[in-house]
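A short worksheet on the structure shown next.
Order as written gives the chain letters A, B and C; numbering starts at 1 within each chain.
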Amino acid sequence: MGYAERGKQFLLPEEALYLMECGNVQVFYHDLPLSIQEGYERFLSQDTMNLQQYQVFGHLKRLGYVVTRFDPGSRIPSLYERQLNLPQVSDRPGRRLKRKRSLSSASRQSEGEEGQVGENMEVEQEDEVIDQRPDSRPELAPPQEQEERPGTRDPVEMEFGSDSAPGRSWWVEQQVDPEPRPTHRSGPRWDFSAISFPDLGCRGTLPSLAAPDPAFLPGPLSVGPCDIAPWLRELNSRDERLTHRERERNRDRARYRRDVNKDREVRRCRNWADYRHLLERRSQRSHRERPAHLWEGEVKPLLQPGLYTSPGELMNGIGVIQTSHFLEGVSRLGQGSEECDIFFNVYQPDTVADFKKTSPGKPYSRMCVCSFDSPVPDLRTVKLLAFQSGDVPVTFAVVDHGGHLLLHLQELPAAHRPVALRAPGASRAVAIRQEPHRAGNRGAGRRPA
Amino acid sequence: MDAHEEIGLEAATEMVSNPSRDGETGVTHHDSETGTDRSAPMHEKIGVHFCGSTPLLWHAADVKAARGTGVVGTLVGSLARQPRQNNRLGRPLELLQEEARLLRDTTQAVLHPAPASTDAANLQGVEQYLERLEQSYEEQRTLALQERKAMLLRALTQKPGDTDEIESVDQSVQDRLDALERGFSLPRSAMAVQLNTARAGLSHTPEERHFLAADWPQPRDERSETRFRVFRDLRRQGFYLTSAGKFGGDYLVYPGDPLRFHAHFIAMCVPMETPTPLCDLLALSRLGANVKKTILLCSPSDDDEGGEEEDVVYTSLQWSGMV
Amino acid sequence: MQVMAADGPEKAGEEGASGAGSSGGGGVRFELEKETELRFEVEAGEKAQLELLSGMAEVFGSELNRNKKYTFGPGSKIAVFTWQGCSVSLTGKTEVAYISRDTPMLLYLNAHAALEQMRQQAERDNERGPRVMVVGPTDVGKSTVCRLLLSYAVRLGRRPTLVELDVGQSGVSVPGTVSALCIERPADVEEGFSVQAPLVYHFGSTTPGTNIKLYNKLTSCLAEVFSQRCEVNRRASVGGCIINTCGWVKSSGYQALVHCASAFEVDVVLVLDQERLYNELKRDLPHFVRVVLLPKSGGVVERSKACRRETRDEKIHEYFYGFRGASFYPHAFDVRFSDVRIYKIGAPSIPDSCLPLGMSQDDTQLKLVPVTPGRDLTHHVLSVSCAEDEGGEGGGAGAGRRGVLESPVCGFIVVTAVDTQAQVMTVLSPAPRPLPRHTLLIMDIRFIDHK
């Protein structure tokens, strides 16, 4: 528990409170020890951890789990990193200071620290001796101060943490776009400002046409300038016979169709090769959203006799709708869920002996805390949370008036899925499983005070 | 001072190394009533403290009194003697919003506001605390010395294995005991200290209480109003109620104390005018049948809003499978 | 890609016309001022003769020789233009004959000058020359403008390419085809461009709307072949191309124009007459394409449907019998059904509701559908595809058939009679038997040989 910073040992509010409840720590405030009630009232708040979250924390701690706060920023490798299978970089530069274990009660570290106290509230835990700090500062540092460490992370780490979306798209674009840019020319090939076409379309801008350069004329012709104005009246002589529908379409097009040249990307194209490349890339982009198996190739029967031997394979064979992975498309969902966040990493009790804060390893589960009053997390939230958590399952701890329900949201294994019955567009079936053990055993054990 | 907890060096070591054994050590009970200022709880009102929006009871007397009035609540704190388990828990007692509100409305309880965070340093309190600490140290020292002596004596006298010689304590033993007394010092770090559960402090006078009485921390909406009216009516009829979240309902209704009875009903609070989908009702009644409880749809009637004896309409649903 | 109609290119224009010339005697003399034109239309069933007496004049960009009599067949609509002033004499029965002053020739000449400037730049920079698409509704003189621009370019020693995408009124080959032709000399005043070694693709119908997918595909094919040619032939590359398009400029027809512009990577689009089309193209083509609006050529008149059909028939007739039916002698012979495979491009359209989910009609449009020979083949024009004949019916059918679509046509035949009993059909062919290839593509177009 706790963490070291600037050579001192700190406890998070919930940790201090839990140790207080266990009778292992005494917290002083204004030179007076805090009661547990005061601990509840002072340590638990909306900003740090509310009562529900603390109840889940305490519940798990009492069961022996190792519970740490979930740091939303850095610890989850992005999809790309996961694909690369990089070794986990878990030691963080800001936190390399390992807790110095005070060896015995004899080494009274506090005496040495008294001179350089920067923090106002410190909880010292020297073996199991509860110590009093005689020189506490007059005001209580708000517990939130300990909370702020995610914000003060190293810039390096921030970059590492926020890599997922932009970093990946950059990479993808690099790969998709091996565009061989012709470098020898910067602008379009023809300079049409120097080549004068008798364009009646730009009315008024050129009232008369200068005589063409004789060098361009067939034969020894001597022609003078040409007055354009009379020709403007000669335009549109062939009246268009449009049906009502065509007229309507034209009107719509005129209204809604954009000039392709308003597009900046199009403006950047210098020739047809560039332009076609651009269009191809765009159509590919829109294509990618379409399921690939929908009439791309030749039309053939779904099943060949004798191809499948088991009903399961057969079901998969006639599965017209592509199986979508639960985490598919998460990157498009944007960031952040407001009402529901992963709060804890939970490590199993049997790992306690080997558990190291510097390399915690993969958690057994990650925990969200919600209550019956809060809205049910929607699929978007669940997807985001699952993505954030990576390959660690997310458990929802629903707190009900002192009792807890632990719920897992998980994908059904593919073999049990009825293929044809899934609604199109729906993501994978999500089953709610209630954790059978240790759920709601409070009710049975209720005792009178 | 409400409750004390003593943790000796040995006990604490044991607790860390082997939590399961801590029950055997001689730790003073956390919940024991040692204070004198709270000896007559019946005259006191129950103090409800809020943590966030959750009503909590901290004082053992309050908990007892609340139980006496039929408020069940849930214990959510760690048990001092056995902190590392979930089967039995200790104070604080978490109350349902409705329980707290009923207690207050029936003037059996006062709501304490969350303490102002900027308490001035209480020099007097510090002095008092240090004094008590010193006093406790002396007491413990004496106790520890006596224990040590007894141990030594036992060890020395048992060595020959002769019980007859107990009376004739020989001189050498006496000398050693004296030497022990002279040289004995209890290290401060080995001293047991007390850790209070509830806030230490003076109880307020009724006037102060009235002045300090907190407003209800949460705004009331229609849903909580409905729940409360149902709760009040069922309580009035003598039922004991707990939360029924694990059954997907609002309350579990017990005919008597939950320790002695199973719940008979799962109460669902539905306003009179709210349409309920039939499949929800089916799901509920099937669930009720499975856990051998009756689903109770409770709708406060709208007509006699202000009346004291208001009417709540109860509809029970029972699944009867046709065979 | 040799053309079957290569076995008798001897011309016999003068004899036929001489009779008519005598009836008119001296004829009517027209004095043309500088930059005016004489327009005349030959009556149906009649002929007219034109002779340049003094000065200089040109017909659609081709210069007239002095003191040479040019004969124009029935229904011809001719405009004789002079830059400097001239006098001509016109003999024969003409419906109208008048001198007009408002002719957009000067604008066309300016357009040519701009294109020539581009060619010079291309020559200097070792780049490809301008690729020009001429678009406009029907009967605004697209073909005329193309011919004019090509003739001017050739007169300056360029080697431009004419890409004929007007399937209804092909200036190069029979209707129902798209083609490309390398222009090496100015158009003949009477005959138009000499058709030697054109690249022809089978389309099968006179309107692109019957199979727009195929139309676009053939456009792409032509563009690809042209680009390949440009790579190996420097002069062709500098000369660029002039693309003549269909008069269908609405909905799919318009889309086909945009597709064509993209396939050929055109640099300049000349829009004739229609401002709406001009504005739409400006909006839908990227900024590096110059879209130019020009007035239609003066004097062009709207042709009736019957008139168009007649022109088409004439074109097919000309293919088999030569210009004015005097130069070629086609062959007639029997072809056994078993010797040939006849296909139609594009399956009959099925209502969308009958299609499998998600499948679109487009997929059927490029299908090669075998046609069982029968009586209904009679009078249909068939293209003889250059595609290699398939070895076996079974193996590699898919690859082989795709080849047929993209293979040029080596000639055309017309079925004159079908004998289902004997399983043979009689065909009219420009070359004697046997047929050079055995893959035949059927057209919607019929030709009834009156001879």
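FYI, a contact is a pair of C-beta atoms (placed from the backbone, for glycine too) under 8 Å apart; a residue touches a chain by one contact, two chains touch by 3 or more.
Just so you know, these numbers come straight off a predicted model, no measurement behind them.
Peer 1: If you average the CA coordinates per chain, which chain's centre is most distant from that of chain A?
Peer 2: With centres defined by C-alpha atoms, farthest from chain A sits C.
Peer 1: With centres defined from CA atoms, tell me which chain sits nearest the overall protein centre.
Peer 2: Chain nearest the centroid of all protein C-alpha atoms: A.
Peer 1: If you average the CA atoms of chain B and of chain C, how many Å lie between those two points?
Peer 2: Once rounded, the distance between the two centres reads 100 Å.
Peer 1: Go ahead and note the Å separation of the Cα centroids belonging to chain A and chain C.
Peer 2: 60
Peer 1: Distance between chain A and chain B based on Cα centroids, please, to the nearest Å.
Peer 2: 42
Peer 1: Going by the contact rule at the top, pick out the chain C residues touching chain A in the complex.
Peer 2: Touching chain A: residues 35, 56, 61, 63, 83-84, 102, 104, 106-107, 109-114, 116-118, 120-121, 127, 130, 136-140, 151-153, 155-156, 250-251, 262, 265, 267-268, 271, 273-276, 278-280, 282-288, 290-296, 302, 356, 358-360, 363 of chain C.
Peer 1: Enumerate the contact residues on chain A facing chain C in the complex.
Peer 2: Result: residues 188-190, 192, 195-201, 209, 212-213, 215-219, 221-223, 226, 228, 230-231, 234-238, 240, 242, 246, 249-250, 253, 257-261, 266-267, 269-273, 275-276, 294-295, 299 of chain A touch chain C.
Peer 1: Spell out the part of chain B that touches chain A in their complex, as residue ranges.
Peer 2: So the residues of chain B in touch with chain A come to 2, 5, 7, 9, 12-13, 15-16, 27, 30, 49, 51-52, 54, 56, 58, 60, 63-64, 66-67, 72-78, 80, 83-89, 91-94, 96, 114-115, 117-119, 121-122, 125-126, 129, 187, 189-190, 193, 195-200, 242-243, 245-246, 257-259.
Peer 1: Applying the document's contact rule, which stretches of chain A touch chain B when the two form their complex?
Peer 2: The contact residues of chain A facing chain B are 18, 20-24, 26, 30-33, 35-38, 40-42, 44-46, 50-51, 55, 58-59, 61-64, 105, 127-131, 138-140, 372, 398, 400-403, 405, 438-443, 445-449.
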